[in-house]
Structure formats: structure tokens, C-alpha cells
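Consider the two complexes below, in which subunit A is the common component and subunit B and subunit C are the respective partners.
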Partner chain A sequence: MKAKIIRKKDISGFLDRLIQAYRVYAPVMQNGYFLFKTIKSGSEASLNYHNTKMSPKDILFPQSEVLFRYQLDKRGVEIDAPAQDERDLVIFGIRPCDVRGIQALDKVFSKNPKDPYFEERRNRTVIVGLGCKENHNGCFCTAVGGGPCADDGSDLFLIDIGDEYLIRVISDKGEVFLKGEDLPDAETQKIAFAAVVAEKAQDALRPCVEVQGSEDILTQRFNDPVWDVISEKCIGCGVCTYLCPTCHCFDICDEAVNKEGKGIRIWDSCQYPLFTRQASGPNPRDTVGKRMRQRIMHKFVYFPDEQGMLGCTGCGRCVIECPVNLDIREVLNILLRTGAAR
Partner chain B sequence: MDALINRIRGIARDLLREGKVDVVIGFEEGTIPFHSRPCFVRSPDEADRLIWNSFCENNLATYVVKRNERMGIVAKGCDTRALLELIKERQVIRDQIYIIGVPCEGMIDRVRVEAELRNRSIQTVEVREGTFLIMGKDFEKELEIKEFLYPSCQVCTRKNPVIYDELAGEEVEESVGETYPDIESFEGFSDEKRWQYFSEEMSRCIRCYACRNACPLCYCTECFVDASNPQWIGKSIDESDTALFHIMRAFHLAGRCVDCGACERACPLGIDIRKLNRKLSKDVLALFNYKAGISLDEVAPLATYRPDDSEAFILEP
Partner chain C sequence: MKNPYFPLPVRIENVLVETEDKNIKTFTLSFIHKENEEQFRYRPGQFAELTVFGKGEAPFGMASSPTQPGFLEFSISKVGVVTNALHQMSEGEILGIRGPFGNGYPSETFKGKNVVLIGGGFGFSTLRALTNYMIEETNREEFKKITVIYGARRPGFLLYKSDLETWQNRSDIQVFLTVDQDDIGWHGKVGTVPVVTREVAPDAENTYALVCGPPAMIKYTLPVLKELNFPNERIFLSLEMRMKCGIGKCGRCNIGSKYVCQDGPVFSYAEILNLTSDDIF
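Coming up: the complex of A and B.
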């Protein structure tokens, strides 16, 4: 694998050059927390962060997206596709858990039937991952098959080696991307040091739950009353699903005024009662217990079944931001460890 | 604090043992620093799960609505104010709940603490007399509790429970009088500036409804934002729809909001949700001399009509 070196103090200038050609998303501190934002200058970005409050999934899968606009006139209906951004995208400094989130979205939106809106943006996106040196309170990537410095899915991957970042060139796309930049090749010594940093970070985050075999256990416990016990404190908001890097459920609605309108795709959440309420009134998931079960089952049973990977990347946003600290790690431990005896 | 916790556990244990309640709703230790969380205790030997500290930030009154059980509830000042409103609005029967009142010195604002520490990972936190000590991998920091209380706690005038069956601790000193310095200065801004502030705050909203769901007084069986036939409001994060949600919610809480701050604490994006609610509380106090969650006997102003009600806000808005 090729590797390059960039000095930390040169990152801002590097981003400034990127902005000339790309729409660059990077972590930006606003209102006391970080979010991925389109930056206009390299100095806005900061790589000195744990993770962003929201996952960057909205870059590829926006919370509200106009799919088409229409207008009625005497001749009939005229439909317009939305305008597309002419620039290619760069997601700079994204954490490995969130890269994995994008891999999950890829499975959903880039397989048949392909989602043209997602696909179009995704093909034009360069992912520059950033390894984690230190984990945060909610982190559990190592329990779900990821790692603080897992570089798969990134096109380029940065590892903090002191005053410099080592840039691992992971994909052809990453290699092409770096072409115009005159960055020195990493010496063997630095490549080895980066590997040590990665290993240390991996060792520091011991898996907090054993998810191997979870599909069978969870399936067996589908009708277990324990779901209602665990979820009793859940207030039924959408924080866990909206902040999640893999949750991808959406609704499509029409908004029209007089003879003009638009079809919009918006995020939806399985935690809302309305998500499954039928037009005639009944709701098959009429309790928070059933809705929480759906979230867990989707991530640890249905998604692996259909897509061959877990639907959870261990980013820990749902752990940290849940208003009532309903911790998914603990939920899994209760379900998987206490067995069906309960 | 230990004496208080023992008292809470003792009361809960007795209530459950004597069969006076089916469940005690209180707080237990959370899974990450700065988090205590709601818990439901159903047998006397589980009572030791209950705790009390400066992180009991949820308003537990939100759990009593639409439950048939007899409930014991651990309640700080603002929780009891919400309970009182719920009793008045007949969402819970007084006899159905046994209120274990806890005098409260305010809860620590974990978001501000995180911002203060910027990127350092907090491993443990220890609350001491007037301060709290944060420990991380390679640092220690002691901060004053008073400096890091939630905004709603900073302006709280009812630290002691307003209604209770048993008090678990000694009453604490109340701050005097109702003041709205934040709202008064905000009112002084131009229309444009106020709108700009409001728009910027609302632009961060992701419509997760954590504010609504954490709110003890937001208990509608079907919230207007969830109605689909007719659909009152667009469901995207279009600015006007988001603003409409917050404005409607604020109006619906006028004269009912007890300013517990649960909405703001639940909001993952840290939006200043209380601004609208507090403005309306201030107006209701000025126009009707009414403050929500204080007395069971006073009739809520928006639930009644008096010929001498103020009309100034209609005639000269």
C-alpha cells in the first residue's frame, strides 16, 4: 500500500486547494459541537475532534431532498429533475465508524434497484477517513467488527503520527485524487509507526458486547416480554435513528401550492408510531417496546441477513445523545447474555 | 447526598412492600459519565437501584400519563410542578401517585461541561461539596457546580417540591421572585434581530421531536405534527414547517409550561427552545397573574374566561 505524509499545519492549505475543485465537507465546530459542513476555507475545518453530533450520512442521503418538481398547465404536467451540483464531493476527516455507515448505505441504495439520487452523489464522492487515537464514552466500534483505525471503505485514510498525518492510499480513486499534490512518500519507519498507533487504538477499545450469534438469539427472543421492560424508559423520539450513520428509512411526500409542487424524500424513523400506522387505523407496532425491538432487530438480524453486514457501526451517537441514556450496548448485553430464560 | 439516597430507597422499599404502589419511578446510575437515567422499580429488593445526584435531569412526570398503575414518583421541584399541572388537567389522578419529593439544587449541564473540556474524553465524574471533579486519561479538572447548572436551573424559583406525599430531604433555600432578565433583553431587540435569532436556532432542528416527547405537558394522543388526515404541517426540514412546529408547540404550552427545561436537555442540537416558552410564561404572568405548576386551586388562564381578562394583547399586539 502506498502512503504519503502531510504536515498537520499544511492541512488547511491543502483544503484550500481542494475547495477550488470540489465541494469539501469537513468537521466544523459550531454552537459548541462539531458537524460536517461545506467549507469555504480550510481554516474552518478542525480534525481535532471526537466525532460530529450528526453522522455525515446527510451528505449522501439528505434529510429532505427534492426528487422532482412539477407544474400543471393546459397541456398537462411538466416534470423537472432537480439541479445537480457540478462539483465532485470530498468528505474530509470522516471517522471509520461513519465510513462504515456509508458502506451500509451503499448496500441499500447502490444495489438493485439503484437509487439514482444517492448513486449519482456517491460515485462522485472521495472519502478521506481519519483514524481515532482515543475513544469517546459511547464508542464501541470494535464490538461490531470495526476499529478506530479501520481504513476499508475510505479512499484515503489519515493516521495521526504526531506533527504529521500519514496518508494511506486505499483506492484508485484516492490515488487519482492525490495526483496534483506534491506530497512526500512515507518512509517505512513512519508506516510502521502508524501501524503501531492503529494497533494501540484498537487494543484500547475492548469489545463491550459479543455480537457473534446474535441473529439467532434475538430471533428466538422476538416475543420475549423483555423488550417492554428494557424500553420502558424510552420516550419515543427519533434521536437514535436520526443521528445514526446507517439508519436509512425514508418517506416520500408531496408538497403542492396551486398548480406547482414537488416530491420530497424525507428521513423517517421506525421509532415514530406513524411509521407503521395503517391508513385504516391499526398499528402493528403500537408500543415503544415493539418499535425499539424493530430498531435492534433491523441492525442485528434483518440487515445482516439481507446485506451481509451489521447495521450498527458502534459510533455511539445513540448512546451519548439518547435523552434517557437507553444504551444500545447494554440492551444487547441484556438480550444476548441473559438468554431466553428470562 | 448518601442520606438522601437512603431515604429515597427506604421510602420506595416501604411503598412497594406495603403494596401502596405498583411501581416507583426514579433515577438510577447511567452508563456514561454525567448521566443518571429514569428507572422503574417494581419490587422492594430492587429499591437499591435508586440514586440521586446532580445528573437527574429528566422530568419524570412525563411517565405518569396514560398509565393505569399506582405509581410512586421521585420528584424534584420542576417534576412536581409538572405533576401538579397534569393533575389539574386530569391526566393523572392525585391518588394514583405517591410523590417522593426531593429538594433540588439544580442539575449539571453536561453539554456545557463538554464544550468547556473541548476534545478531552471524560472517564469519570465525582460530585463533591459545591464542585465536581472530572477525570480523564491524562487530566483532572474541578469545576464549580453553580457555574455549570442548566439554564432552567439557573432561573429556577421552585427548587423545593410544590406538592408531595413525603419529603426525602431537607428543604433548600429558594431564590426570590420571578424574573425574566433573558426575555427582557431579548424583547429589547428589533423584530429583525429576534426573527434572525429564532430562524438560526430553528435551522438546526432535525424534527426528532425529542423536545416534545421529553416534555411532561406534551401529552396529546395525536400531536398536530403527526396528523395525516388532514396534514397540518409539512414534514421536511423546510424552515417554515420547522418554525411552525416550534411556534405551535410554544402556544400550546402557554400558561402550562413549568420551565423545567426537559425539552432543551433532550435536544441533541442544543437549540434554545425555552426562549419562546419563557416569553409566553412571562406574558401569562403579566396578563393573568398566573404561574403554571404552583397551586392546585388556581384555574389555568387558558382554561377559563373572565369578563375582566386582559385584552391588551388583542387590541394592541
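Coming up: the complex of A and C.
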């Protein structure tokens, strides 16, 4: 694998050059926390962060998006696609857990029939991942098959080696992307040092739960009353699903004034009671327990079954931000460790 | 790339009040652009998302058969925002349609076999489509004995009165109509669909059973079919879940790892028993 070197103090200038040609998303500090934002200058970005409060999934799958505009007339209806931003995108400094989140969204939206909105943006996106040197409260990527320096899914991957970043060139797209930049090749010892950094970070984050083989246990416990017990304190706010890098549920709404309107897609959540309620009344998921069961089963049983990967990346946002301190790691441990009590 | 989220424009050609309470109407729609009709090739049991512009979309099974080209029919019960708006609409007005979605009834698997179609309420609409499909001149000989069992609360709640009459006048299809509560002039049976099924269902040998109706009807009909020795692989159910995108992305219609909008809405009972499922019927 090719590797390049960039000095930390040169990152800002590097981003400034990127901004000329791309729409660049990078972590930006705002109101005391980090978010991925479109930057206008390299100095706005900071790579010295744990993770962003929201996952960057909204870059490819916006929280609210116009699917089409329409105009009704006597003869019918005229439907137009919204204009797309013509610049290619760069997601710069995204953490490995969130790259996996994008890989999960790829499975959903790029599967036939393809989602044209996601697909169009995704094909024009370069992903520059950033390895984690240390983990923080809530992190559990190593328990779900990821790692603090897992570079798969990134086009380029940065590892902090002191005053410099080692840039691993992962994909052809990444290689093409770096073409115009005159960055030195990494020396063997720096490549080796980056590997040590990665290994150390990996070792420091012991898996907190064993999810391998959990599909069978969770499926066996589908009708277990344990779900009602676990979900007792859940208030159904849905923040876990909004912050989750893999959650992809949405609703399609219609907004109109007179004869003109638009079809809009907005994020939705399986944790809301109306999510599955039919207009005629029946609701297959009519309790908090059933809705939490859906969330856990989807991530750890259905998604692997359907898409061949877990629907959880261990980013820990749902753990950190849950208003009633429901911890998905504890939930899994209860479900997987206490056995099928019947 | 064809955009699966764009509704195709259709015009309401006719609106027919089906039930005595006037809460179910059948809408006849035609495509405004002929090429869209070509794109929209469907099979009985599939569904579409209808758009009432300004109100939103909702999913409905096609009540018409693809053997009747030139129009689509949907029987729609007035229950929510979209369907209430639809019921206010009349001939000449414009709707949007996306689809067709889902698998439909697996008619090729029961070619050369007997078929019993068991429906209740307005869940009967896609079975009506299938019946019309199977009895169409060129298709009829593909299937052996066809039996229809269709029930409603009262005679005034049976849909498709003219079709029922046509079918009853044919010798190559047996039709049993039943109501929970009869009226003056009612010549059919009185009793629930499961009870009538036990009484009139054809021999299970070489027979496929197709069931669509309200959850309670499905729940009590399944044990009857088991009693009559129908194997799980030869019982097909059309399931209902709230659906939105129709293409397996929006995440609301899953039953276990299956999306009703893509893998269904028609499943064999054997498949359903293998799913980890919420209470669906």
C-alpha cells in the first residue's frame, strides 16, 4: 500500500486548495461541540476532536431533502428534479466508525432499486478517514468488528504520528485525488510507526460485549418478556436513531401551496409509535418494548442477515446522548449473557 | 436512471361507491402519458403508492387485472388523511402513482393446479384482480378448478357486485359468497369466512389456497386450512404493513429480515412461520 506524509501545520493549506475544487466537509467546533460542516477555509477545520455530535451521514442522506417539485395544471402534473450541487464532495477527517456507517448506508441505498439521490452524491464523494489514537467514553467499535484505525471504506486514511499524519492510500479514487498534491512518500519506518499507533489504539479498546453469534440468541429471545423490562425507562425520543450513523428510516411528505408543491424525504424513527401504525388502526409495534426490540434486532440480526454486516458501528453516540442513560452495550450484555429465561 | 420516487401522473376516469356506508370507493385511473402505461407492467397482488398532491402518498393493491389494459382500479377505504382527500375527488382530477411494487401472487407456481381464493372485506381487492386474471380467456386453461370464497359483514359490504354476478354465471369458476349478517333478498351463505371455508373448500390435494383479508379472518382461516390438510407451502397470504418508499429503503414495513414492500406482500405460510415477526395477524 502506498503512503504519503503531510505535516500537521500544512493541513490547513491543503484544505484551502481542496476548497477550490470540492465541497469540503470537515469537523468544525460550534457551540462547544463538533459537527461536520462545509468549510470555506482550511482554518475552520479541526482534526483534534473525539467525534462529532451528529454522525456525518446527513452529508449523503440529508435529514430533509426535496425529492421533486411539482406543478399541477389542467392537463396533468409537471415533475422536476431538484438541482444538484455540481462540485464533488470530500468528507475530511471522518472517524472509522462513521466510515462504516457510510458502508452500511451504501448497502441500503445502492442496492437495487438504487436510490438516485444517495447514489449520485456517493459516487462523487471522496472519504478521507482519520484514525483514533485514543478512545472516549461510549466507544465500542472493537466489539462490533471495527477498530480505531480500521481503514477499509476510506479512500485515504490519516494516522497521527506526532507532528505529521501518515496518509494511507486505500483506493484508486484516493490515489487520483492526491495526484495534484506534491506530498512526499512515507518512509518505511514511519509506515511501521503508524502501524504501531494503530495497534496500540486497537489494544486499548477491549471489546465490551461479544456480539459474534448473537443473532441466534437474540432471535430465540424474540418473545421473551425481557424486552419490556429493558425498555422500561425508554421515553421513545428517538435520539438514538437520529444520531446513529447507520439508521436510514425515512418518511416521504408532501408540501404544497395551491398548485405547486414538493415531495420531501425526512428522517423518521422506528422508535416512534406512529411509525408503523396503519391508517385503518392496526399497529404491529404498539409498545416501547416492541420498538426497542425492532431497533436491536434490526442492527444485530436483520441487517446482518440482509446486508452481510452489522447495523451498529460502535460509535457510542446513542450511549452518550440518551436522556435516560440507556446503554446499548448493557442492553446487549443483558440479552446475550442472561440466557433465554422463559 | 429512472427515478423510483417520481410519481407518474394519472387521471381519475371513474369513481364508484362500492359499499352501503359509502366508505369504500373504487377509483378507475388512466395514465396521462401512454408510455407510462407501458412502464407500469404489473401482476395481480402487487401494489402502488398513490399520491394525492398536497396531501401525500399511501399504498394500495391493484384491484384491476393486467389482462384489462388501459386503466387501473383501486378500491379505497376512507380512513386517513390521503384516503379522505381521495374520497373528495372526482372524475378528471389528477393523481400521482409510483410502482408497481412487491412480488404479487405467484401465479406460475399454481399453474396446472386447483386454486381457492379466500377473501374478506376489502382485502378482497387483489384477489379480485387475480380471479379476473385467471379466468381471462387465454389464461383460464392454465389453471384447474377455481373456487372463490368471499365474505363481508353484510350484503351491502360486498364489493365488485357486477364481477360477482359475471363469475356466478360462469360454469368454470365456483363462487361462494357469505355475510356475517344477512338481509332480505340474500341468497348466499351466512357465517364467517373461516366457517364457510371449512364447509366448501375444495380438497387440499393439488390445491393452492390464497388468503387476503382482515387480521382476524386470516388468524381463524389458517387453522381451518391446516385442518383440511393444506401444507404450509401451498397457503399464500397477502400481508399488510404500513409502507412508504416501496423499494426497501425507508425501513418501516419489515417483518424480521424481510421487507413487505419488496419481498412481499405475498408470502407462503411456510415463509411466515420462519420469520421473527411482530403480531401481524
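Observations on the structure shown:
The working rule: the second predicted complex is superposed on the first by the 339 of 342 C-alpha atoms of A that agree within 3 Å, B and C clash if a C-alpha of one lies under 4 Å from a C-alpha of the other, contacts with A are read in each partner's own complex, and residues count from 1 in each chain.
Heads up, the rule we're going with is that a residue touches a chain if its C-beta (ideal position, glycine included) is under 8 Å from a C-beta of that chain, and two chains touch if they have at least 3 such contacts.
Note that the coordinates shown come from a computational prediction; the quantities given were computed from them, not determined experimentally.
Residue contacts after overlaying the shared chain place A:278 against subunit C, while subunit B stays out of touching range.
Look at A:251: by the touch rule set out above, it reaches both subunit B and subunit C.
Once the two complexes are laid over each other on the shared chain, residue contacts for A:235 go to subunit B alone; subunit C is not touched.
Once the two complexes are laid over each other on the shared chain, residue contacts for A:47 go to neither subunit B nor subunit C. By the touch criterion stated above, A:306 is placed in contact with subunit C alone, subunit B being left untouched. In the superposition on chain A, A:325 makes contact with subunit B only, while subunit C stays out of contact range. Shared-chain residue A:195: touches no atom of subunit B or subunit C. In the superposition on chain A, contact is made by A:63 with subunit B only, not with subunit C. When both complexes are aligned on chain A by C-alpha atoms, subunit A residues 251, 253 touch subunit B in the first and subunit C in the second.
Per the touch definition, subunit B reaches subunit A in the complex via residues 30-33, 35-40, 58, 62-63, 111-112, 114-115, 119, 121-122, 137, 204, 206-210, 212-214, 226, 228, 234-238, 265-266, 268-270. Those residues of subunit A whose C-beta lies close enough to touch subunit B in the complex are 31-33, 48-50, 53-54, 63-64, 134-138, 232-233, 235-239, 242-243, 251, 253, 255, 264, 266, 269, 272-274, 319-321, 323-327, 329-330.
Of all the residues in subunit A, the ones that touch subunit C in their complex are 67-68, 70, 72, 75-77, 79, 81, 108-109, 111, 113-117, 119, 219, 222, 247-254, 256, 261, 263, 265, 268, 270, 275-282, 284-285, 290, 294, 297-298, 301-302, 305-306. Residue ranges of subunit C in contact with subunit A, taken from their complex: 1, 3-7, 9, 11, 32-33, 51-58, 77, 79-83, 94, 96, 215, 240-242, 244-245, 247-257, 276, 278-280.
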